Amino acid sequence: METIALITSFVLILIGLYGILSQKNILKMIVGFSLFDTGLHVLIVTVGYIRGGTAPILDQVTGTSNVSDKIVDPIPQALVLTAIVIGLGVTALMLAYALKMYQEKQSLDIRDFKELKW
Amino acid sequence: MDFISPINVVAVSLGAAFFMGLLGKKAQTVSYILLLGALLFNTIVSGQWLYGLATNIIDAQQVYTAGFRPPFSINLLMGLDEAVITTLVNIVGLLGAIYMASGLHKKGSGSQVVYLVLIMSLNVIVLSRDLFNIFVFLEVGSIATAGLIIMQKGINAVSAGFKYMLATGIIASIMLIGVIFIYRFTGTLNLDFVMQSHPVLKQGALISSFLILMAILLELKPFPANGWALDVYESAHPGISAMLSSAVATANLFVLYKFTGMAGESLMYYISLIGLVTFVGSNLLGINQTNARRMLGYSSIGQIGLLVAIIGLVPHSNANFKLIFIGILTGHYFAKAGLFWIAGIVKAQNIKEWSVLRNRPVLLFLFLTFVLALTGFPPFPSFWGKWQLVMGLSQQGQIAAVIAILVGSFFEVVYLLRWAGYSIKLEPGKLPEVKLSQFIPVILFGLGIYATGYFVSQATNFGDTINYIPLVVVAILLVVDFLPAYIKNSLSILATGWFAYLLIPGQDTLKLVFTVIFLVGGILTLIPGFHVKGKRAGFYPSAMLMFGGLALLIEAENMLQFFFAWEIMTLGSYFLIIRGKESMVHAFSYMLFSVGGAYLILLGFGMVSVGNTGLSLNLLSQIKFYPVLAMALLAVGFMTKTASLGLHIWLPGAHGEAESDVSPMVSAILLKAGVFGLVLLMLAAGGEYNNYQGLFYTLGWIGALTALVGNLGAVFQEDAKRLLAYSSIGQLGYILFAFSIMSQLGWLTGFTYTINHFMFKAILFLSVGGIVMRLGTHNMYEMGGLIKKMPFSFIAVLIGIITLAGIPPLSGFSGKWLFYNAVIMKGWYFQGAIIFFAGTIAFLYCFKLIYSIFLGQLKDNHRNVKELPFWYLLPQYILILGIMVFSAKPDLILKPLGTALAAAFPSNPLIWEGTKALSQLGYWDATTIMIVIGTMFVILLIWLMLMSRKAQNVKQFNIVYAGERPERPELTHVSHNIYAGYNKALGFLVAPGITGFWNYATNLVESIGNFTRRIYSGNGQSYAIHLVSYIVVVFIIYISSI
Amino acid sequence: MIRNFFIILIIAGLAGVFVSLFWEFGASDTLTPLATHYANNGAAEVGAPNLVTSIVVTYRGLDTLGEVTILFLVAAIISFFLKVEKKGQKMAPPRVSSEIILTASKLLVPVVLVLGIYVFVNGHLTPGGGFQGGAIIATAFVLLLMANPRFELNHRIIAAVESVSGMAFVLVGVLGILLAGGFLDNKILPLGHFGKLFSAGAIPIIYSLVGLKVGSELSNILSNFQDVQKDEL
Amino acid sequence: MEFTVSKILWTLLGLFIVLNWGLIMGGTMRKIVARVGKRYGIPIYQPYIDLVKNYSVRSQITHGVMFYLGPVFRLSGGVGIFLFLPLIFGSDHWSNFSFSGDLILILYFQFFGMLGMALGAGEGGHPYSAIGVSRGLSQFTTIEVPMTLAVISLAVQYNTLSISEIVAAQQGGLANWTMVTNPFATVAAMLSLLGAFGHSPFDLVKAPNEIPIGPPTEYHATYLGVLRTNAAILHVVEAALFMNLFFGGATNWFELILKTFLIYFWSVFVGVVFPRFRIEQSVQWFLKIPLILGIIAIIVVL
Amino acid sequence: MNLLILITLSVIMLVMAVTAVVHKKLTVAVLATGVVSLMASVMYLLMAAPDVAMTEAAIGSGLSTIIFFYVLNKIRKAK
């Protein structure tokens, strides 16, 4: 199971990266970033996955003792929460940039923003 | 003393930030004050810890969040290292906020919040010991930065910001992958626990730590995956660029340092490689920049690369690691922030417009301070850092790294000093109004860099042996720069005299010669300064920097002192030379050669220190590591100063275009510093019986060819001062040749030439310089007939050229006689013949000089020219007296010199029978010759006077002239290109082949830079591609090596 | 073309990095020691059944603070970045939303808001918490905007909620230093009865604050984009 | 050695002899050249007449101090070389003041007169003086190179720079002369002698004088007298120097007169045969054959 | 069973991801991204991560997509 998830996450990351590196449209690049992020999140969750584990919430099923044998790793889940929110922040800011760039130049082509070089 | 827990930095900053969000747009002033308050608080906290930890009042302390010990919760560590770094970050944060007062004000609380959060996040990444926590706050920092970039209006900042976000987005993701896999493979996120589990040993953990380190390295903008950073530096508000360059980079470097524990030795090697490539590459590309802020960006990236390299190169256990790191870091930190801030004041983007700084001398001074600090001149921290770095690396045997560092530094010097030159020399425009809030941080950083420099010097090995008195003198002169010139001139003469008084008594004979040349010469060449009216701003600090450096050079007992003195002297002379009207370019090329030479010396010293303990100059006699190469490096280093063949092209311009009284200083005195270095070196090589015969043989040939080319070059000059400058090249060629003979007679020759050149070149340059000053032209063909207007100068020049040409009975002949004996005894016949040929060529230019200026036809526009001022004549006549004494009684100097040399050069000494000197080959009695020639001359003069009757003085044009009568002196004064025939026959020897070589080399470097920088196409996506490919390439190289 | 080829090449390279990580990965059946500690002692130490919440709010509370800060930053940046000087330009004629949306929004918004609050208040007991709750609150806000594009959000109120909750978050954190073991320690309040709403010390408070803060920040961000919507270029 | 009165008197006597021999030799040479050119030529005593005439011209002008001093420098140069040169081997009386310096002193003292003359002519303000001087100096620098190589070769060969000792080493017959023992050095030096005497083909230096202007016209009357005096002395002394270095020196006045005559004649002889070189030609010429000979001379003694 | 669902999810995600990158229409691309996120959140549920699933659904597929559409809308209008 984790193998598939892992492969999916890696491939998602690579597809996202391909989007970032190959698409000329700034919004498409940001879409690439979103995919990249999603892939990352899947990856992190996968890292914390334990075969046959339950959600890391203590309830009747898990009890409160020897919990460690029953649940999946909560730490990556905690991390991924943070990562998702950060990802949203970054995406929002990038989109704001995209909007501003469009306002400045009426273009979303990354190649049109080459005033600074060398 | 209560220490405030560093976590309060987070609490207070965020609390203030959130509160500022509440304030909204109306209460900008309140929120700005709040911002300053929070930043001040941060500064106090970190400063307090710095103080406590540095004075051992308190130990390093862990801060546990949430009440759990690591690895269960996130912890912060406040140790001395962290305290230093956070203090640096917070100080620049506070001052930056003051600097950007108006900008932050205008943009409202939003930008202030972002600013505050940025500083807070930097504190956290420095302190935190948790990998994921560091990731989060790195992200906070990147987003804050992305927000601050767009404080600046316009498309440039927006597109730069987007490129920045693209890059940091990818970097952060890579880091996150690394972090999550580190957790997977080590089971913890706490840095200390990660390191305990030795990630190096497991392939997966190793790759994860590789990714983390790559991410942080990419944050540090490695060449060439750094186009995004350059755009930011260029387009962001200068205050923000300053912040990025000093605060953010400092914090990130520290993170890299923290993380290196995860990496194995092999990865450290790649870190150092990445750093070095960045340092060299970035500075190479910097050469082509004309936009000041972009150039600073290149320089920033280069410096950060150097620091990365240091982290990778120097073992962290090495006692000096921290000193090196802090030295170079603070040099960069203060200077780069200061320069970016000044960039904001100046506003002009093009480096050629920076001359506006001249409207504000204090600002110009600070600007130069920062530029020099970046280039690693003393007394700035980076000097000590670089010194220690080179020494340390050499001792590790990392000579290749040292060379890379020196090459990179050299490139940096090229563009920084060109910039400095522009701002000193070009015509200033109007400086925008300077706000006090902008000015204060710059001044504080200016003071800070001096203070840090002193502090670092005291921590450097042997740094406490440095004598700062000359620099204090310079500082005093800087402070009193508003006084009229004659007061400062007197002060300078007094100070030089005082140095002489301190140094001369008890000085050993060989050094005494140089002491007298440097300091007594200094006094003599300062005397003409009394002629100058007005303030002569900046002249005296520069002059005393040079003379102070020379005094320190004499005093130097260890290599550090020597190098310190060498750099100080170079710096002073640069500022002196660049004062000339047309000398910007020439001072620049002088400086490039000097710095190049200094780096060779540094490398040489580094090699000397390998396998030896201590830094004593005596170690030169026991070089263990490639002794011949080390010797050769040092020798070539010194030869850049003596302008030996191949390294001479800077001299004619530099000496020729300098001010009238500066030319004698740099020509008669400064060149001898190189000779002094050579003398020390050759003595240490073991004197007569040394193991470097091949090296000295080569030097001998170089000396001979230098003499030939220098003198030949002088023959074809039309510019009087350049003629003398070329002559200096030739004379220094003789000196190099003579010392290379490595026998007692050779050395006596060398010393005689040195003393003579000092005297006659000072006389000639003073006279000619004075005449140029009086007439306002350098061109000899525009002069003529001045003997009637300036008889005293004529006599001085006549004596000067007789000495120069070596015509008996004056002291120049002593040199020639000794020279012949030395050469024949050594068996260097062909070199000797070349030198002799060069000597006869000297007649050509001597005649041209004196004839074109003083004889022939007086020009109409010079009919009212007056004799040189008294202050110019006085030192000349003192020196003439010196020549006369040395001519009549050479034994006064040569006898003790011979005794002093006997230890190193025991065989075939010069034997004195009274005033008669005997060598194995011949004999020579200077006193008798003087008497014979003098008597004969007088008798013959009387004979002529008896025979001739009432010689009648006739008018200028009363000459026999076939057929027609000359009407204009210009038509009758033959001077321009009078050696046309000679040029036809031998001119090919002075075809500018060497200049061509250097031009070619410069063009090559520039075009490589120009070609390479095209990778920075401006396309943000390409930059992202660079980033990813960088990771992949380094990964492939790395993985294939393990 | 060459460029695309090159991109594929380096992506393949990166895939190589991943493959090498993949080989090392191997499935795991046991928790890491750290996770084991959380699993076995989390209840006792923090008192929250939802271990993810314990970790997010307490053990790694500093991360959460940073994360909240990021949203705060983004909101602040976007607000001054996208701000367009209004030069008395004409407003676009209001677009009349459909009846369905209007009705739905009137109906849904309170429900969604309550849901959001429920999610973050119960964050320590059930799945969900501050972020999720905050996001849900922001969704309610989106509904409002959809229903009425000219809906003027009171920025002052949002800003006030954002700031006050943020300051309160920091304050609770500092109280942790003063009253308990360290910054953001939840034990400033008694851990209470395990599994109850008012238990796990300050976690419910902190997570609620986070929820409010995230909600207001996201709303702020959205409204900033919305403001741009209204201003014609 | 001391400056005793008798020493000074002997030296003055020597100078008188050299001056007279120089004048006569000059006259003789001109006569010979005229005869070769199928002219009758001047009487041999013509130089005396010239000298007396010059010294007794009444009117005289000057262009300034240096102009005035020029001839003094020039004559000092000639007399100085005489003073520092040992004339007759083995004779204490005729060794003059050679105890004060060796061969190097003489080589460099040549410049003294040249410099003075150049400066004096320079102050005359006549453009052709400067041209002449510049040509002379140009040519001179290259003349000196083979000469130097020859001198170095000699110094190495005899391991001394003292002229007396060089002469001493050549005593004992023709086979010991440098001319035989070191022919390359001798030829190199003899070639450079041609330039030093400034006869054709190396007389471009004097070319501007041929049209009646230039130094000899500016320098008239007593000045010219002084210059002529110097020329007479210098020709003998220079020839004597070569005699000492290469042709076994002289043990008596007769030998000296004979050898100096022959050496001087050599330069005149070549001058009659070859046409004049342009200045760059002569510079290049001296840097070819004589230079190579000089180098060979050194290689030979290595 | 879970495995089958997971594989299906993976396939959908990857197809959608490719669509998002290559499709010319931006709206489609954005929607596809949203779908990827949504699928991911289902995947999290399968992997015993309900917290993450909620967050991803609300933020990743919800809010992000909305912001994207705001921007798209804005740009379309400007055209």
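We call the chains A, B, C, D and E, going by the order they appear; numbering starts again at 1 in every chain.
Methods note: a contact is a pair of C-beta atoms (placed from the backbone, for glycine too) under 8 Å apart; a residue touches a chain by one contact, two chains touch by 3 or more.
Note that the structure is predicted; figures quoted are calculated from it, not measured.
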{"item": "Other chains in touch with both chain A and chain B", "value": "C"}
{"item": "Most heavily contacting chain pair (counted by C-beta pairs in contact)", "value": "B-D"}
{"item": "Centroid comparison with chain B (C-alpha atoms), farthest chain", "value": "E"}
{"item": "Core chain by centroid distance, with centroids computed from Cα atoms only", "value": "B"}
{"item": "Greatest separation from chain C - chain, by CA centre", "value": "D"}
{"item": "Inter-centroid spacing, chain E versus chain D (mean Cα positions, whole Å)", "value": "106"}
{"item": "Gap in Å, rounded to a whole number, between the CA centres of chain E and chain B", "value": "59"}
{"item": "Inter-centroid spacing, chain C versus chain A (mean Cα positions, whole Å)", "value": "15"}
{"item": "Between chain E and chain C, distance of the C-alpha-averaged centres to the nearest whole Å", "value": "18"}
{"item": "Residue numbers of chain B (touch at least two other chains)", "value": "132, 136, 139, 143, 146-147, 150, 181, 183-184, 189, 1025, 1028"}
{"item": "Residues of chain D whose C-beta touches two or more other chains", "value": "none"}
{"item": "Residues of chain C whose C-beta touches two or more other chains", "value": "7, 10-11, 14, 25, 32, 34, 38, 50, 52, 59-60, 63, 66-67, 70, 73-74, 77, 81, 127, 129, 131, 218, 221, 225, 228, 233"}
{"item": "Pairs of chains in contact (touch as defined earlier), listed by label", "value": "A-B, A-C, A-E, B-C, B-D, C-E"}
{"item": "Contacting residues of chain A [partner chain B, same complex]", "value": "13, 17, 20-21, 24, 26, 29, 33, 36-37, 40, 43-44, 47, 75-76, 79, 82-83, 86, 89-90, 93-94, 97-98, 100-101, 104-105, 110-111, 113-118"}
{"item": "Chain E-facing residues of chain C, complex", "value": "50, 52-53, 119, 127-129, 131-132, 135-136, 138-139, 142, 218, 221-222, 225-226, 228-229, 232-233"}
{"item": "Interfacial residue positions of chain A with respect to chain E in the complex", "value": "1, 4-5, 7-8, 11-12, 15-16, 18-19, 22-23, 25, 27-28, 30-32, 34-35, 37-38, 41-42, 45-46, 48-49, 53-57, 71-72, 77, 80-81, 84-85, 87-88, 91-92, 95, 98-99, 102-103, 106, 108"}
{"item": "Residues on chain C engaged by chain B in the complex (per definition of touch)", "value": "3, 6-7, 10-11, 13-14, 16-17, 20-21, 24-25, 32-34, 37-38, 45, 58-63, 65-67, 69-70, 72-74, 76-77, 79-81, 156, 159-160, 162-164, 166-167, 169-171, 173-174, 176-177, 180-187"}
{"item": "Parts of chain D lying in touch with chain B, wherever the complex brings them together", "value": "3, 55, 58-66, 68-69, 71-73, 75-76, 79-80, 83-84, 97, 99-105, 108-109, 111-112, 114-115, 118-119, 122-128, 130-131, 133-135, 137-138, 140-142, 144-145, 148-149, 152-153, 155-156, 159-162, 211-213, 217-218, 221-223, 225-226, 278-280, 283-284, 287, 294-295, 298, 302"}
